[in-house]
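Quick heads-up: structures coming right below.
Paired with subunit B in one complex and with subunit C in the other, subunit A is shared by the two complexes that follow.
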Partner chain A sequence: MWDYLVDRRGLIAFQAVQHVSLVVQCVVLATGIAIGVAVLSYRSPRISGLANGLSAIGLTIPSFALLGLLLAPFGFGITPAVIAVVFYASLPILRNAVVGLAGVDQSLVESARGIGMSRLATLVRVELPLAWPVVLAGVRVSTQMVMGIAAVAAYVLGPGLGSLIFSGLSRLGGANALNATLVGTIAIVLLALVLDVVLVLVGRLTTSKGIRV
Partner chain B sequence: MSETIAERSDERPGSGPTAEARHVSGVSIRLDGVTKQYPGQRTPAVDAVSLEIPAGQIVVFVGPSGCGKTTLLKMLNRLIEPSGGTIYLGDEDVTGQNADQLRRRIGYVIQADGLFPHMTVGTNVGLVPKMLKWGKERVAARVDELLDLVGLDPETYRDRYPKELSGGQQRRVGVARALAADPPVLLMDEPFGAVDPITRQRLQDELLRIQEELGKTIVFVTHDFDEAVKLGDRIVVFDVGARVVQYDTPEAILADPAEDYVADFVGAGATLKQLTLTRVGDVELRQPQVARVGEDSAPVVRRAQAAGDQYVVVTDRRGRPISWPSLAELSRTSTVPDTVDEHLPVVGLHSTLNDALDTMLAASQGGVVVTGRDGVAGVMVVETVMAAIQQTRGEAQG
Partner chain C sequence: MTAPMPAGAQAYPETETDDPQAAVQTRSRARSASGRGGWRGLLVQPVLIAAGTLAFVLWRATAELSDTETRQLGWSALGRNIVDHLQLTLVAGVLVLAIGIPLGVLLTRGPFRRATPLVLAVANTGQAAPAIGLFVLLATWLGFGFGFRSAVVALVLYTVLPVLRNTMVGLEGVDARLVEAGRGMGMSALAVLFRVELPLAVPVMLAGVRTALVLLVGTATLATFISGGGLGLLITTGVNLSLDALLVSGAVLVALLALAVDWVGRVIEHLARPKGL
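Now for the complex of A and B:
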């Protein structure tokens, strides 16, 4: 296995970078979408309930099946991979964003309005910063989850370490087949841990000292 | 000893706050038939209230919970939109104005801690000036000025977060924030509700001191009649539907309640309530020997012995009292120590005799140190309170 690693280090490194880049970009996009939807829905208990329900159902759709379904309209390549990863990534973030925004003390919102902040300023300067730690917890869950889902995206020829795993699995018994699968899997686990540490640091840097626990 | 006191008591600082003509920076508020009818409710929460709140005065809204006093207050800055009637600020009809712009001209302090926990004290206080597009340096200077005004050292507190402050300090910052853009009107919705009695009393004193300096128009909501009597230049007593039952000075309401309802609300101990009307600044105070931290002890002890005192009031470098050691204690030291007595009973000149008595009892002491604007104004002893009670009793019977 060591020889395999050394021989293919260029390819493995390239695929690792691709994998992380797919995940990070998709999570960033998903965070934006999820916060947007949450902002639109958190004021109404009915709509936010609906959003939570949909996100719970969405998470039960097998990723393999969703990717297969996306093949028909989008063909092979990056597009279906990105759509699937963004879809899964946004669900935990959405749920947390709704909970986080709804959890902001209403007296603070009233106080913000009372000193003359507009609706938008209240959202941007008070509600979102206070909900941010909860949103970020959702981002961490999402990132861990879609590291695995991004591997499945190799099925539709998306980028990343998944191609190592799939090519290994398809040639199981052949030369280096087990090595390829193991290297792909272990690399994903390690990268997921690294990303999590990075997100913890991001949380430290972006959460006000006044609300850190 | 008695000579010294008599002689010194002539110097006692001016009489009560109401006696002097106050500097006024507030504007009057006029309500004309203001109504709030919530959809689906048969009776309006606020029913056609007309009131005139004079400029530069503290007007306190009291009444049982649910009587609509808070709703009425929130209609003044249109956090609740009135469903009828007109509100004037000065001569200006503000009923149709942009609510956000209006609120930046009206300070607002709410019940619980309305401070934003993710912003520092300085940022919190500077919010409104920043929204009004003041320059950075002007905001920073204003923040320091205000923290100073509410008795918090800017160097120490500017960069702290609200969670690092005590409840009382948070309320002070809340008041500072409301005053930041120098609004003519201040709305306060039970701002000192959830703090312990001693802290509340100090906050009330501070508010009166600040008001004496600034002369804002303050509308203050409370359900505590003692608080209303202490703070209010005038009191509005409300019944359900924000019906104005009586609108008068505290003295007049206590002396002549308009209806049984008011008499019930004022409470049975109306004689003792007079204690709430008499201010510490209105009675005779003893003048103690005052020593600064770091002075040589021996001359201080000699000075106090010459004056016949048993104790000395020690102040810190800014002139605030921190302890009152006995002469025996002090003579064991070479310089005046800087130990802070956490339980030192202190009241302000605006405190009521009731407050002073409370403070003495809480500290298990027979007297309190009284502070004025420039440090120690004197010491009041329990006998003075007793004398005042005797006197009002006598007046009530005679």
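Now for the complex of A and C:
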């Protein structure tokens, strides 16, 4: 096991970086999409109800099934992996962004409008900063979830540590097959923990001073 | 319908939390949402599922398929895969309930209470563990071998966490004064557990059970990698032979099955909620 780690440290480090980079980029993209959709929908209870329903239904769709569906039009490679990961990552964030924005005290919004802030300025300088901790909680949930989903994405030849797990499976009984699977699995759990700690720090740094606990 | 997801909660809807701020929001939102969304929300989903199933059946009856595809998608082969899949889900589901709920109750009693934060932290971390790694490791490393048995063990390990977590969170969330009141009335600790704490925790616990069941249906697709059978077999066969019809059929059927299981869970949640809540 130790020898394997030392011998393959280059490959393992490369896959780890690929995995984290896939997850981080997709989560950033998903955060943008989710906040955008939430901003468009949170004022109308009907549309935000629809958004929440879609997010609930989306989360019941098995990730392996979605990857399979994406294989037909997009073929193997990074495209289906990125689409699937962004899809799953955006659902919890969307849900939290809608709830966070809807939970902003209306009297504060009114005050902002009263002192002459435009609709957009109110959104950017009052509502979004107040909703941010709730949105960020969604980002943490998403990140933990897609770390695992990104591993399955290796089946459609997406990048990342999942390829170690699958190569271990396909070379079963061969030298280092078990080591590859073990390293891939443990590395994903460890990296998920590291990312979670990073997100907590990001939360400390980006939460507006007035509402920081 | 609109509870925010706190960091570390299972990433599925309606998982209640111990975070007071989120809980307040949950309550105020839930009141406005439950009145309208309740039954209507429950009716939309089966309509969608029925429409999806009908579309699949129509497509299957009319599509022009190659020999291989016809054989794999024949009603008997298809039926066997679906039955396999349901068998995996049901056996693992029963085990998850039988392990998760008593363990959750035990871990919130007396001396074990101190371990609660630790168990919750582990349960949260476990969510990031890749299910596929768990399957392969169980089958190869821990000597469970390939097939149904190790698939069930992997599924149980992977999905027991939401049930355990929600049982503990639900029981922790019961107002301590109510427990005290029960004890003050002369109820035994066991009676308080069964007649006060568990009924009050039921909504949160059922949300965890539904989450677990949906996860089970989805994760059972991976059983095919260790010869566990199920609908994942259609997907992998489709990929290996590059037959899109098989691939898409497998994916669509699993998604429909997951939605159906989710709906059954919602109906049970709706019916089993104690009247007083």
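Just so it is clear, the second predicted complex is superposed on the first by the 213 of 213 C-alpha atoms of A that agree within 3 Å, B and C clash if a C-alpha of one lies under 4 Å from a C-alpha of the other, contacts with A are read in each partner's own complex, and residues count from 1 in each chain.
The definition used in the following text is that a residue touches a chain if its C-beta (ideal position, glycine included) is under 8 Å from a C-beta of that chain, and two chains touch if they have at least 3 such contacts.
Treat the numbers as computed from the prediction; the structure is a model and nothing was measured.
Trainee: Does the superposition put A:39 against subunit B (first), subunit C (second), both, or neither?
Mentor: Once the two structures are laid over each other on A, A:39 reaches no partner at all.
Trainee: Kindly classify A:78 by the partners it touches after superposition: subunit B alone (first), subunit C alone (second), both, or neither?
Mentor: Touch partners of A:78: none, neither subunit B nor subunit C.
Trainee: Taking the superposition as given, does A:108 touch the first partner, subunit B, the second, subunit C, both, or neither?
Mentor: First partner only, subunit B.
Trainee: Mind working out whether A:126 is in touch with subunit B, subunit C, both or neither, as first, second, both or neither?
Mentor: First partner only, subunit B.
Trainee: Is A:29 in contact with subunit B, with subunit C, with both, or with neither (first, second, both, neither)?
Mentor: Neither partner.
Trainee: Tell me which of subunit B and subunit C touches more residues of subunit A.
Mentor: Of subunit B and subunit C, C contacts more residues of subunit A.
Trainee: Could you look at A:116 and tell me whether it touches subunit B, subunit C, both or neither (first, second, both, neither)?
Mentor: first
Trainee: Touch check for A:210: first (subunit B), second (subunit C), both, or neither?
Mentor: first
Trainee: Touching subunit C in the complex: which residues of subunit A?
Mentor: Spelled out, the residues of subunit A in touch with subunit C are 48-49, 52-53, 55-57, 59-66, 68-69, 71-72, 91-92, 95-96, 98-100, 102-103, 134, 136-138, 140-142, 144-145, 147-148, 151-152, 155, 162, 165-166, 168-169, 172, 177-178, 181-182, 184-185, 188-189, 192-193, 196, 199.
Trainee: Which bits of subunit C are touching subunit A when the two form their complex?
Mentor: Touch list, subunit C to subunit A: 1-9, 11-13, 22, 25, 29, 33, 37, 41, 44-45, 48, 124-125, 127-134, 136-137, 140-141, 214, 217-219, 221-222, 225, 232, 235, 238-239, 244, 247-248, 250-252, 254-255, 258-259, 261-262.
Trainee: Inside the complex, what are the residues of subunit A that reach subunit B?
Mentor: For this pair, the touching residues of subunit A are 107-108, 110-118, 121, 125-126, 129-130, 208-211.
Trainee: Would you tell me which residues of subunit B are touching subunit A in their complex?
Mentor: Going by the criterion above, the answer is residues 77, 79, 100-104, 107-108, 110-120, 127-128, 131, 161-163, 177-178.
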